[in-house]
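In order of appearance the chains are A, B, C, D and E, and numbering begins at 1 in each one.
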Amino acid sequence: MSLSISIFTRVVALVLIGLAMAPAVEAADRDRLLSEPGVYGTFAAFSLDADWGKQDLPVRIAQLTVLKGVVEQHREKMAIDVYLLRGLSDHADVLFRIHAIELRETQQFLLDLQSSLFGKHLTTTAIMHGLTKKANYVPGMPDQVKAELKNSSEPGPKPYAIVIPIRKSADWWGLDQDKRAAMMLEHTEASAPYIKTVKRKLYHSSGLDDLDFITYFETSKLEDFHSLILALEKVKEFPYNRRFGHPTLIGTVKSLDEIIEILAQ
Amino acid sequence: MSLSISIFTRVVALVLIGLAMAPAVEAADRDRLLSEPGVYGTFAAFSLDADWGKQDLPVRIAQLTVLKGVVEQHREKMAIDVYLLRGLSDHADVLFRIHAIELRETQQFLLDLQSSLFGKHLTTTAIMHGLTKKANYVPGMPDQVKAELKNSSEPGPKPYAIVIPIRKSADWWGLDQDKRAAMMLEHTEASAPYIKTVKRKLYHSSGLDDLDFITYFETSKLEDFHSLILALEKVKEFPYNRRFGHPTLIGTVKSLDEIIEILAQ
Amino acid sequence: MSLSISIFTRVVALVLIGLAMAPAVEAADRDRLLSEPGVYGTFAAFSLDADWGKQDLPVRIAQLTVLKGVVEQHREKMAIDVYLLRGLSDHADVLFRIHAIELRETQQFLLDLQSSLFGKHLTTTAIMHGLTKKANYVPGMPDQVKAELKNSSEPGPKPYAIVIPIRKSADWWGLDQDKRAAMMLEHTEASAPYIKTVKRKLYHSSGLDDLDFITYFETSKLEDFHSLILALEKVKEFPYNRRFGHPTLIGTVKSLDEIIEILAQ
Amino acid sequence: MSLSISIFTRVVALVLIGLAMAPAVEAADRDRLLSEPGVYGTFAAFSLDADWGKQDLPVRIAQLTVLKGVVEQHREKMAIDVYLLRGLSDHADVLFRIHAIELRETQQFLLDLQSSLFGKHLTTTAIMHGLTKKANYVPGMPDQVKAELKNSSEPGPKPYAIVIPIRKSADWWGLDQDKRAAMMLEHTEASAPYIKTVKRKLYHSSGLDDLDFITYFETSKLEDFHSLILALEKVKEFPYNRRFGHPTLIGTVKSLDEIIEILAQ
Amino acid sequence: MSLSISIFTRVVALVLIGLAMAPAVEAADRDRLLSEPGVYGTFAAFSLDADWGKQDLPVRIAQLTVLKGVVEQHREKMAIDVYLLRGLSDHADVLFRIHAIELRETQQFLLDLQSSLFGKHLTTTAIMHGLTKKANYVPGMPDQVKAELKNSSEPGPKPYAIVIPIRKSADWWGLDQDKRAAMMLEHTEASAPYIKTVKRKLYHSSGLDDLDFITYFETSKLEDFHSLILALEKVKEFPYNRRFGHPTLIGTVKSLDEIIEILAQ
């Protein structure tokens, strides 16, 4: 059976490549991926199966070491952030946010993750894709609002991350461009007061998923985030959201080592 | 592999900390958490897996002893209430209501709970977060209604607890403030007659979850609770609820020792 | 560890109590529970797990004997009816209808059921609660209709039972009382011709569940039941049902011994 | 324990009866059940569990022999048709269509099926009940359409079967009888051209299930069936379907022996 | 038992036939199936079970060799394309697109697939059927648009495939033919600019599934695909889609050998 021999050889080769540790990630590349337009942002949420916690501690640590290897290898080419959802969200235990130039690279990372010994305990609960685009200031926006929006958020750790997927109603897309722009201006003005304490990032999703947008937030002040959403619920654009959340993913920002330590317990 | 050694050491240390019993909880702190604004209230409902009941009694008792330890340790910093849903609700078996100043502390408690030997038998069915706010009397409320609302509920045990999550329609938030206030006044007047027998507490949830509010009730007279909801269904504000319940969680208030005794059976 | 010893003692005591067979149920109490207002009616539907049928016959019989004991013990205080859904409904295998003065008693029965050896094979698929109320004749009802309604249903066995949960739309509760009364009169007149062959009972559920009503029917003539529902779909009150069924539970009325015999196979 | 002995005896007796092979089915009875009004038609769809395919071939054959026995025994009293959904439908693997005078007989067949060794591998995915009624020609139907409808379908095998459950909106039932009749006439005329290649049968379901109708089709020309549905989507009655399909079950008509042979593989 | 012997013989014969490798597929037939009207296109998506990855590598390779055999055998009669969804879609791991003259042949392929040793690890997540029809240019389409549509897509690999199922609202079918044609013209003009980089194919599904259309896309430029969908969301025909996606399946086009290699890991 020449087929099975050739598969076997290739698989062994791939496993050996996987074991060779990847070199350190270039911070500059990560910054570019996180700030430039035309980058794909993927949110992949997973639950751990019931067997995970029943394994002995050394087994779990060995598997988490493999997780570390897989993530570090792929960080060479893409930006990978990790979040702990367990204890705050009933949808999943961990969330990966991946920024890459090509969605195929993201697929390769998630394939390697899922075929690793650690990955065999993961159940995929949600994968959502979006694309970053150049910020498109709506015409007629007062200079003051523009200035506020350029304020970068306050420095310091922002431990909470929230992901809200959005689908606009068909009526929204049927509005003429002027009406949409006027409503987005009102939306932007309502959100401006929270720019310093609630950091945000927008991904365009139409066609890549059953969504139109994915909105991502980081904050240390969940009260402010609550007030921001309440303010957005009151503007005229809000009723054009056919879906807002469902799921709303809420978790805490963690380093890879922190996640590993928590999952080892 | 220095990685796995360092994880191992930290995990062992954490387990040892967990075994050291926590000091007694300060009742004063609990009162503050349950009455002040700016506190996060989390409702976490769990089902027990099929294996739980198949274990021998001594094993179950050992695991429930760990549950007791985890809850007592975290009660130092937060208020944790326990409810038995099994037999009254088809959604879950037990419910924890957790009040904390920071949602991260709640996450840490639920992580410790789920990674304990008892927690490995739990499946998360729902986690909902809300924030307490200062009661905001609607303008124009007659003094008599205000007086009624200040009546504390009758003393004595209130064995039943009901949790109803609410999502308002987009139309609600689009109404001007005066109209919303007038409708909330009618809502409040309709509910006033039941203030003595049905104790309630409101949590604001927008953005923290796919909800706008979480309403919590305690009563010994379910007939009165039924009449209260019927009265609320008849006011003009009710059609603005896009979601009311789904799930409605109903259970009985239990002490930690009572829950442990019931689950041991 | 004094905690685990005290739990152990109490649990053993409870098990011993459970083994002591309960005295015969008073028929008079059952009649009162089934006819008076202010009684809680609970519908609890369960599926049997895949392991149930794979056990040896003697094991299944032993477990069914325990089921018999649990039901008989609680029948002292409450009315418990049993239905076979398997083969007629894709939602569950068995249904219990429980009438009790206090919902806590119902919870205690279902806890004992689920923690029994038989109960460990049950998965809860639905629990719905309602409250019986005094029949409230709508004003203006012709004497003839009142007379028809007072006709008790024909004697003889009614093997089929159907449970239809109902949620009214918010518009319904927003109608003024006169309009609702006029529509309920039309509803009642449409259903009157079937009073003899289709026995029915109404439970009020608002707040106790994600429902407003639970309607329960018994009949030997499913054609008549079909015609009754068709007649009700044509009256003006019908469009105010936001949910009607979902699930519609259909099964056959069985004695406890009949259910045990069927499940033993 | 006299209880368990009596159960044991009865169960053994039932098993022995089950082993005695049933006499041949009368074809005349089957024809009557399939053509007369007042007959209950049940559609019961099942999935095979993951264990089924992992058993050894002789074990599977032994279990399929039991399936054959159960079906043949009940065919004495009712008409049982079998369909293979696997490979065409993602909802289930096999479908039984059962025509019986009493729904209790259908329940008995499905109970015997599910408690057989083969049945323990079945998961119920859907059970839907309907009632056949006398065809009720709408007033004003042109004689030509009537004549077309009386054309029996072309002879020859019709390998494909499709089941579409329907729920009408509340608005439909609120229309007066004349309007409904006019729309049903348009519906009938649109469907008439396909009478020869698409055989159909209607079941009335109101109250017996969360449906108003179950429509059943057989054809050898799926293109014609596609055109028929497209034609029905364009008539004025179509928007009154609140649910049309969900699920649409599609499969192939098989004899019991063919199904057994396929499942053995 | 003559029944079981005859089944056994036939099954053994079928297995032997299955082992005999099929001859090479005729490329001409494949082209015809992919371009002509009156062909059935089936999209069958599967997830791998948790056991798959836990098997030893040689076992997995043996099972994948069987997969190769099953696909090659059926490629004689039908066109079978394979896609990797894992890592890009949370709905399934692999997708088969099958073009056949008769849906029974597709069913036979999927039966053989699922009853193979590899197939026992597959869970069906979605099966959708459509029919290809002659392109039906809407009247009044400018010659320039017609010319654009005739442009074949740019040569070169198109690694990404996206499947979007569509259900039109009842209102759509209720429009008169002219209005629908005018809206389809606007739709076509909006999509024309992307004809070179986004290849597409339309399947008509009414009645064969709970859908009206299945749209299939291939591209190497997901940004262009995103822009195409955004353009389509803005035309007047869009609000007539009651369902658009749900699920949107996104994956990468793979050869059978590539899929086998990836799944072996």
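The rule is short, and it goes like this: contacts are C-beta pairs under 8 Å (C-beta built on N, C-alpha and C of every residue); 3 or more make two chains touch, one makes a residue touch a chain.
Worth saying up front: this structure is predicted, and the values here are computed from it rather than measured.
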Query - Chains touching both subunit C and subunit E, listed by label - result: D
Query - Whole-Å gap between the CA centroids of subunit A and subunit C - result: 47
Query - Chain centre separation (subunit A, subunit E; CA means) in Å - result: 29
Query - subunit A: positions in contact with at least two other chains - result: none
Query raised in the report: Should the pattern of chain-chain touching be classed as line, ring, star, complete or other?
Result: ring
**Report entry** Chain order, ring traversed from subunit A with subunit E following
**Finding:** A, E, D, C, B
Report task. Would you mind writing out the residues of subunit A in touch with subunit B in their complex? Result -> 50, 53-54, 57-58, 61-62, 64-65, 68, 84, 86-90, 159-160, 162, 164, 222-223, 225-226, 228-230, 233-234, 236, 238-239, 241, 245-248, 250, 252, 260-262, 264-265
Query raised in the report: Considering the complex alone, what residue numbers of subunit D touch subunit C?
Result: 1, 3-4, 7-8, 10-11, 14-15, 38, 40, 49, 103-104, 106-111, 114-115, 119-120, 124-127, 129, 131, 170-171, 173-174, 204, 206-210, 212
